[in-house]
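You will see two complexes here that share subunit A, one where it goes with subunit B and one where it goes with subunit C.
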Partner chain A sequence: MSTTIDRRRLLTGAALGAAGVVTGSAFGSFAPEDALANDAVSALEPGMPDPNFAEGLVRSIDDDVISALGSDGTLWRVRVTSGTSVWKLTPTTFDKVAVGDGLYARGARLDDGTLAADSVWANIVNLKAHVVSISDRKIHLDHNDERIVAHVMPGISAAVYNGTPAISDVSMVQVDSHVQVLGAWIPGTNEVEVSTIYAAA
Partner chain B sequence: MAALTCEVSWFCCGNSWGPCGTTGTGACGTCHSGRLQHAWPNASQACWDITRPDLCGINLARRTCGHRHTTTSRCTGRAVATTIADCGPRTKSFCGERSCCGSVCESNRAMDLTPAAYSRIESLSTGLRPCQVT
Partner chain C sequence: MLDTIASAQAPLLGAVLLWAAAVKLFTRRGRIRSQTTALSTLLGKDRAALGYRALGGIEALVGAALLLPPLWWPEAAAVVVMAVGFAGYLAYSRVAAPDSSCGCMSSKHVPISWRGFTRAGWLLAAGTLGAFATQYWTGAIADRPVVLAVLAAEAALFVALSPEFDGAWLIPLRRLRVRFTDPLGGDTGGVPLDATLTRLHREPLYRHVALMLRTDVQEYWDEDEYRFVVYGASLDGRSTTAVFAVPLRVDAVETLRVAVVDESTGETLLQLDHAPDEEPESAFAG
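Let's look at the complex of A and B:
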């Protein structure tokens, strides 16, 4: 049988819980890298807002819909389905997303303006910063002249030195060096939890 | 321009939440995390003086605000077209660094995308990837 399932139709069906619509592997995963394959590069104008990407602070969560206020004033409604991947320091589940979290989400816009999410990233940050000092599982960073405290999380945080495979030992991070910190912001603070730190050895 | 192979990462801009609250709208005054934009190491002489990709053996053409580039992930093969909205990345701070997926590797940071742009070609949680820029 040769059946082409449009991604927007499938996500819409999944979001609305339509009978007979299955999520996940029957038609391919909802992973962003798979979903994106259907979006033509030329369909979007470079420099303009991406209508299939949401950014903001979570204001409320009602059942499977996240309401978030974008920094440009946009009020986003993001619908999470059983196929949505969720990240918050590590891959996790929707119930870990909370009011006050910072949000990025990618998906497909439905007719009512809701974003049916393929992926949701909560509090994710990717900082290029200068290491000011290191003490007891805390790396003190200068990021755009703001001080950020990066917490090394045992069993979670990893270090990549010069592109070598990630290891759990972050002790080779050096004071006065420049690093990239991929992690999760702790809402209401100037602190983050480290997922991966990229550094020179 | 001839295709440039390098590393690609992402950065936030536009006074968003968390540590992005003080980042502002970038060197061009238009940068926002939700837009399809990027930072370029040679957006001006002042920018070049900060990023210095030449110290890593890369000579990049001067391209100013609004110039369009297309970035293709060497891991997924997906591409995104974006315009310059900021200065960066600071290539000299990561000279010789390599990013790989499987046997595909590239060195040196020359492309920084906004979250909206990066998430079109890779998951944000990957953080750093090899790419091709045209």
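Let's look at the complex of A and C:
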């Protein structure tokens, strides 16, 4: 806990300029052309799978390596470091990832085939669906004739109406309207927890 | 009494069948709709439209015969046969083409569910009852007007079982319930992370440094008037941390700031509060 506080204090101080300030000019340009020139961005053949992306269901977790079984049968090994961002409904920590979760990971492939992950998203889903009814903190959705229960999480769920910036008030979502839901699937169920819901109001 | 109710089934059955027939015969989308019903699996794509219209024709004939005199028992028998046929067709659709629409009563897409089967069951029951009619329906209603109440109840049941009519009563009812119970609660007053990120992504300063970022959001927290959002970044090949200080309030006087920190040494490598002016590049240069 204290390391978290120390880290935040360091980063807060850096951002607000309490530390000795070094300006960006010392590091040259950050123009896109230069950045891309320095980076090993490999040109992918159209239609080829991205070698730096992994997808699958988490089979096991050993220390910092996740084994995931992809939907095409690929067995992935994904290495997570302290610098990896982890998403599971919100930005969170690696210990929240559990066996059975659906996983997306992006990073760099190492020589042994392991994917060193920059970012990991657990159970993330993106649904376009129809609102059938709304009950106590639940939005019942019809998604291709299948029922899905979307849980509105107080303090976490946000709503975007007509493309304007997100607000925490989800109550303007209407019965019998079309919505898009970005959320976290609850494994083994037809339920999701809403991160952001896009609707017309 | 029961024979009066039996005699009074004809107008309701007739109206339902004529409605179904009108949808199949006269809606402009009928041909298109027939492609999404299980008929196209059963008969083939080319013959689905023809079969759909033919079924509409049969429904129209039986419906009209039920409404018009004289009383003739094969009319009710035809309804029973059709009800059994519908139930069989629904069961077939459910197995053979589960994604297809019922296509029974409207051109609206309606998945096949227990409501469709119950409705076919009602048609079967009403048709069977109608087979025991002893007089023409106008006479039965004139003799005992109280059967109108029974017919109204049956009509209500039919509407309740028909997803095609949900827009007229079920959806307004659900909206009304939402209005009075407010099940999702109101504004919690917090600023969602999504709102902060939307704002961040539109800032020139963010675009200036975005290509350094290697990860999604690692963590975020609020302090004073700022929300701090942390990303993993790469600067000159070093693995670093980028921290953005985003003003929480839209009308804040504070501006967006960013720092890039090497956490292994605690050294701040870069600190900016605005995007440096760069040479405006013309898209047509060169």
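General observations
Going forward, the second predicted complex is superposed on the first by the 159 of 201 C-alpha atoms of A that agree within 3 Å, B and C clash if a C-alpha of one lies under 4 Å from a C-alpha of the other, contacts with A are read in each partner's own complex, and residues count from 1 in each chain.
Convention: contacts are C-beta pairs under 8 Å (C-beta built on N, C-alpha and C of every residue); 3 or more make two chains touch, one makes a residue touch a chain.
Since this is a predicted model, take the numbers as computed values, not measurements.
Touch criterion met: A:167 reaches subunit C, while subunit B stays clear of it. By the touch criterion defined above, A:121 reaches both subunit B and subunit C.
After overlaying the two complexes on the shared chain, residue contacts for A:46 are found with subunit B alone; subunit C is out of touch.
When the two structures are aligned on the shared chain, A:87 is found in touch with subunit B and with subunit C.
Legend: residue contacts after superposition of the two complexes on their common chain; A:137 is shown touching subunit C, with no touch to subunit B. When the two complexes are overlaid on their common chain A, residue A:196 makes contact with subunit B and with subunit C alike. Taken together, the two complexes place residues 31-32, 36, 39, 85, 87, 91, 119, 121, 144-145, 160, 195-196 of subunit A in contact with subunit B and also with subunit C. Within the complex, the subunit C residues that touch subunit A are 99, 111, 167, 171, 174-175, 178, 182-195, 198-199, 208-209, 211-212, 214-221, 223, 226, 228, 230-232, 235-236, 239, 241, 243-245, 257-259, 261, 263, 266, 268-273, 276, 278.
Touching subunit C in their complex are the following residues of subunit A: 7-8, 10-12, 14-17, 19-25, 27, 29-32, 35-36, 39, 83-87, 90-91, 118-119, 121, 133-139, 144-145, 152, 154-155, 157-158, 160, 165-171, 173-176, 195-196.
Within the complex, the subunit B residues that touch subunit A are 9-12, 14-20, 22-23, 30, 32-37, 66, 68, 70, 76, 78-83, 85, 88-90, 93-94, 96-100, 105, 107, 115-117, 119-125, 127-128. Those residues of subunit A lying in contact with subunit B across their complex are 31-33, 36-37, 39, 41-42, 44-50, 53-57, 70-72, 74, 85, 87, 91, 102-104, 106, 119, 121, 123-128, 143-146, 148, 160, 162-163, 178, 180, 182, 185, 187, 190, 192, 195-196, 198, 200.
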